[in-house]
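Next come two complexes built around chain A: one with chain B, the other with chain C.
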Partner chain A sequence: MSATLTFARKRGLDTETWLQRLIVAAGVLFLLIALLMPLTTMLVKSLQNTAGEFIGLSNFVAYFSNAALTQSILNSLNIAIWTTVIVVSTAFVFAYALTRSGMVGKKGFRILTMLPLFAPSLLPALSMIYLFGNQGILKDWLPVDSIYGPVGIVMGLSFWAFPHALMILITAFSNSDARLYEAAKSMKTPPWRVFLTVTLPSVRYGLINTIFVIFTLTITDFGVAKVIGGQYNVLATDIYKQVVGQQNFQMGAVVSVILLLPALVSFIVERRVQRHQSAQLSSRAVPLQPQKSPLRDALLALFCTLVCGFLLLVVGMAVYASFITFWPYNMELSLNNYRFDMMDGGGWASYFNSLQMSAWTAVIGTAVIFLVAYMSEKIKPMPTARKLLQLLAMLPMAVPGIVLGLAYIFFFNHPQNPFNAIYGTMAILVLNTLVHFYTVCHLTAVTSLKQIDGEFEAVSASLKVPFYTTLRRVTLPLALPSVLDISVYLFVNAMTTVSAVVFLYSADTTLASVAVLHMDEAGDIAPAAAMAVLLMLTSLAAKTLHWLISHQILQRTQRWRQC
Partner chain B sequence: MTSILKKTLLAAAVALTASGAQAATELTVYTALEADQLKSYAKAFESTNPDVKIRWVRDSTGIITARLLAEKENPQADAILGVAATSLLVLKKQDMLQPYKPVGVEALSGQFVDKDETPSWVGMDAWVASICYNRIEAEKHGLPMPTSWKDLTKPVYQGHVVMPNPNSSGTGYLDVASWLQTFGEDQGWAFMDDLHQNIDRYTHSGSKPCKMAASGETPIGISFAYRGAKLINKGAPIDLGFPSEGLGWDMEAAAIVNGTDKLEAAQKLMDWAVTREANALYNDNYAVVAMPGVAKPVPNYPTDIAERMIDNDFEWAAVNRARILKEWQQRYDGKSEAKK
Partner chain C sequence: MNTSTPYLQIEHLRKSFGSFTALDDISLDIQEGEFVCFLGPSGCGKTTLLRAIAGLEQQEEGAIVQAGQDVSVLPPQQRDFGIVFQSYALFPNLTVNDNIAYGLANMKIPRRERQQRVQGLLDQIHLPDIGDKFPGQLSGGQQQRVALARALATEPGLLLLDEPLSALDARVRLHLRNEICALQRKLGITTIMVTHDQDEALTMADRIVVMDHGRIAQIGTPEEIYQQPATEFVARFVGSMNLLPARVLDHRNLMLGRKEVQTPLILPVCAEGTLGFRPECVQLQDGPWGLDRDEHLVLQAQLDQVYFMGAFARLEMTLDAELPLVQVDLPVEQMQNLEAGVGQSLWLSIPKAALKFYPQAQQGGERYQPHAQPAEMSMGVAAMQVAGA
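For the complex of A and B:
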């Protein structure tokens, strides 16, 4: 009797290990197929001619001998450097104000700075036209001739990249040690010196990290440059022009490889910095309590008001313009611009496709990403495969959307590919978006899983509870807040992304964000703004819903955190 | 991943049952028609052919042409409707069109039909270059209405002219092709060199310059008459200008893609495209249509537009298309800040 029981248990454990192995293997296979193989195919394509014969570096030679194309490298660098300088310095002061000052209204400022996260990057660009275009309401404020070009791109990107920089810098400023400041105070160190010798060093890793993140975001951006760039070409718009305009896929692959380089470099630097950062704060550190200082706080509040004013102005302008009947000659308000069915881009159907695509991405993506993160964190077998899994999960961050999209054409449109059937369907859009935004979600999941004590798994295992039961009854409920975070992050980004999906939609799966682009191409700027506004409102609604739900759930399931 | 696979299967199943219920052939039609025309054309065709459903793939002429050429080995389109005749001539030379003689094609005027015994393409209407001129903005900058193409190269217009990029826009290409024909090759390029000095921006689509003029983003947009007339009806403060050297034009045309497995449905579309009813529909948008005697005057169009059109050599424009576009790109594309 007892012998049969042991036997049964042992067998149960075996199937369990097998199941774990199977899931880890499936996770690795998934990332290989959905990420690494498409990218490899693209690299190979950049070394081939149109007939598919290997021609070495000829495409690259052709690229570098075309001055018009190589000019884009300089243009892209120019844009990225300017935007990084503006965004990082603004976000630095802003984050300082939020974490270290006694300024009032911090919560309000914090919420307002989140706004750009919910807008497609095309929205600020369209707004720029209404603000500073030839008929713009603030045209006279513009110090240069025309908003169409580098100035417009930098302004649009600054809006869009700001919250990303702010998030990292707030975290950096939050890790402070009050003891250092007390020591400085007792030694009567002047404030500027405290700033240089205490404050700055304590945030240096966060600062370096921010610089590289913003640099990567802006050098790879496609949407803003496409709308407001005028004749100013950058690498990402060149890829689009080569692929869509001239169907020159090989040259598109060449530009993609070039665009991949700066992203990869900053990715590697960022990983290195990350490693240093963790050891910085000792467990004996005392958190700093911000002190009030009327003059400084007033100045910082003014600064934050100006920045938030700019963000609100950009959003508000797009919303307002979307209701104007015929800018600038008929300023009556109407809903005419929301009749998308008379426009390019697929009309209202595109909006509903986007909703559908985002919902699928959120549901499937959250499940896949969380399960993979769980497997790589919480189980024991196949250490090498799990290492590989972790490495692959970090890679999507370094791959610009437009490059990933092109890689998907090469890989999935190949007639011999067994997955060829998903080409042109909703499934490829979901897969592509999931992979595109994989890394941040993975990191969120891993962070929250690390917070959960490994003892749970150990105890469960010794009680012979299968891992999936522990996952379902213990780990998942504990990690629920981050699971919800991941799903809403995926939903919002799937709604607003343009760069990766612009190559992958078909006549039946047109998307709203791409429709914004096409309406702008056709000259219908107001309807484009209207669709961008609609996307932003939808994302905000999803976020609000997320907030309500997680608020409810937190109260029910996370009471242990308060103890 | 399994869920994605499941989803794909599910989607496929839904698609299958949906088309099964309607029992209609889905015809993939590549088009460069304006987005606001697609619905009425599809509705008219499908009401007489309920067994065929049109699935539009729309983009600018240059994009659609490039896409058709790129897909040569593995065509995705069944038919083409409303794409420039110059582009269709290029496709014909590559053997990519399936010749077919639509029922009733005899009723069309000769120059709107491919000259072969069994025509490879049939014309629908002509769209004609014109200048969209914003009265209010032009007055602000002191710009007179240009009466000839050459006028546009005068220094006064510097930075105030927008035109479509011929690589993506069919309207852009018909402009370039007409200048090269009217002025001769050397003079034509010299003219464009001068014009380039005044161009603020080259746009993706042929409509956009006129829409920009209509909203005051630019005083002058080189575009086509249909878009201008539409925008005037909408209340835009623009006038249409018809330069004295003559107006470039191209035909919108229809054809069957060689290798389609929906030949019968595609032939129905061709039969429809030459009917009086279809021509009347084209006339809602264009003053010159393929069937003589159908056209009624279009609001805001000049009545004598047919006389202002140049004697266009489509054959020449098609044969030299790739060469001209390459040359144009080398001269003017990618040069940032054109006006400085």
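For the complex of A and C:
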């Protein structure tokens, strides 16, 4: 009898551990196929000629001997540096005003600054055309000849990148210790010295982090430069031109490798800095209560009003222009521009394709990302595989969308690839988008999982409850808010992204964001703006739904949270 | 100790994390129904040992036999234990009832019986009416009692407590100490508790396992550990102890600093060591006369400081400028009769039974090995060796 008992127990061991191993292995395999192998294929392609023969670095030599192409490197750096300087300094003051001043209307300002997160990056570019373009309403205000070029790109990117910088800096400013300020005050330190010796050091990691995040975002951006760049070429648009315009895939791969470098470097620096940040604040710190100071608060409120005014102007211009019948000749309001079926780019079908793609990405992505994060955080077997999983999960952050898109062509369009069947379907769009936005979601999931007591799995094991039961009954309900965050993040980004999917759609799976691009290319700027506005409204609706769910349903089902 | 087969046998357990040795050849037997405390400073391996017993850490070498079954390589799910953590680890989204019933759900027990058992456990932890509350609504002490009830719900053969009281405030801690002990005695469940708090170990345990650097420094009843600490480490860690570096002159005479003293002990053959005695074992004497030096160590020291400690007074005295200060605890009544002022010389006597001598460990990185020190043990100097008894 004891023999059968032992046998039964052995078998029990096998199912549970075996299941865990299976999921970890599946996770690793997934990221290998959907991320690492496409990237590797692209690296290999950059070393081959059109016939597929290995030619060493010849492509790179050709690239660097072409002055027109290498100029793009300087252009990209130029754009990225300018935008980073503008965005980070503005966001720094803005974050300071929101966290450290006694200014009124902070909540309102905060909500307004979120607006750009819901717009595709093409929207500010289209707005710029209406504001400062050849027939723009504020054209005379523009100090340079034409908005089509670096000025337009920097302005559009500044709008789009601003909330990203603000979010990190607000977090950095929130980590304050009031006792340091009290100590400084008791020693009669002048305010400017307090700022230099207390405030600035406490946010320095956040500041460095912001600089690198914004630099990466802007050097890799495709949408804004495509719409408003004019003759001003940057790396991301070069890739598009090489591949779509000249069908020169090898050169596209070369530019991709070059674009991957700054992104990788700033990614590595950013991860290093991140590690320092966590240990900075002691748990006994007393949070700072902002003091009122009429003159300073008034100046900061004025500044915030100007910034928010710019953001509203950009959004408002796009919305307004989308209702104008025929700019600038027929200024009557109508819905003509929303009759997408009359235009290039796939019409309304592309909007519904986008909805469908975003919904799939949100559902599948949340499930996959959360499960992988759970496995890498909470279980014991296969430590090496789990390390690999964590490493691979961080990689997508460093890969620009346009590079990932091109890598997908090389990998999945290869006739010998068994996954070749998904090329040109909705599945490849979902897969690509999921991987493109993987890292932020993974980090969100990991952060919330880390906050959950690490002994729950041990307790469950001692109570003979299998891990999946505890995952379902305890871990998932506890992590539900961040699961909802992940799903809405994926949905919004899937709606608005253009860079990665621009290479991957087919006639049946045109997407709304790509349609914006094509309508703009065809000169239908107003319908492009209309579609961009529609995408923004859809994202806002998703966010509102998310807000309702997390505030209403969570309150009802998660009574325990209030105690 | 009785001679029946132990409930839990740990044999030559070894575990390291990288270059850090957490468990170094640990062997230990625990009888059925015993309450054993693993005591030691942080990093001594006590928690690792507990987790190895639970299967939460996998040892590199050695075997664990529980109730006659070799569980060495079984995962925690296949072992028979309940566990309580310092962090309580209660599921915050489940009610107290659901928390306690968590392990019962998959035992195929009828719902009514399950409810009865949960209610019975709530009664046992003296919190009969909190079943519908969430953990967040309870105090720390209440949460820890619920965690205890949850661990006991599946009626495990072994209860593991990982610093269960460390997160609680002093008052609650004392109360819960008694409650855990009472419950343990009542259920007769074999229990292992990890703690770094010597008071907790001394008051609660049947036997204490003192650990140091991944090894067992001493195993014994609380009285044995306190009165006969086997090594200098144990003496230092449990209670307070005067430990004076000493040079051995011959089998009865020591140099303490620059003073030569005669000890009632027969000293082992070695060059140097440490002389130890507890502050409360010291008696004040009017003079050196009339004391049998075969039964007492007699010292003269200068009074430096007096600290009022509530129930007793602690005197700090200088024996010699080269030696650490000697601490002497006196009951408050005796203190009132003491007419000595700071700076005055006093005579001290320490009875032979209260004196310990720890020869210095030999060079070459040899560590304390309680099993391998029969020479000193036989002197009646160091603690009686009870490890593995």
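Remarks
Methods note: the second predicted complex is superposed on the first by the 546 of 563 C-alpha atoms of A that agree within 3 Å, B and C clash if a C-alpha of one lies under 4 Å from a C-alpha of the other, contacts with A are read in each partner's own complex, and residues count from 1 in each chain.
We take it that contacts are C-beta pairs under 8 Å (C-beta built on N, C-alpha and C of every residue); 3 or more make two chains touch, one makes a residue touch a chain.
Everything numeric in this text was worked out from a predicted model, so none of it was measured.
In the superposed pair of complexes, A:462 makes contact with chain C only, with no contact to chain B. Put simply, more of the residues of chain A are touched by B, taking chain B and chain C as the two choices. In the superposition on chain A, A:417 makes contact with neither chain B nor chain C. Residue contacts after overlaying the shared chain place A:330 against chain B, while chain C stays out of touching range. Contacts of A:473 after superposition: chain C is touched, whereas chain B is not reached.
The intersection of chain A residues touching chain B with those touching chain C, taken from the two complexes, is empty. Residues of chain B that touch chain A in their complex: 1, 3-4, 7-8, 11-12, 28, 35-36, 39, 55-58, 60, 62-63, 66-67, 69-70, 74, 136-137, 159, 167-168, 200-205, 207-212, 215-218, 234-237, 330, 333-338.
Taken together, the chain A residues at the contact with chain C in this complex read 9, 12-13, 16-17, 453, 455-456, 458-466, 469, 473-474, 477-478, 558-561, 563. Chain A meets chain B in the complex at residues 26, 29-30, 68-69, 71-72, 75, 129, 133-135, 145-146, 148-149, 230-233, 244-247, 249, 326-330, 341-345, 360, 364, 367-368, 415, 421-422, 425-427, 430-431, 507-508, 521-525. Chain contact summary for the complex, chain C toward chain A: residues 54-56, 74-79, 81-83, 85, 87, 89, 91-94, 102-103, 105-107, 133-137, 150-151, 153-154, 156, 160.
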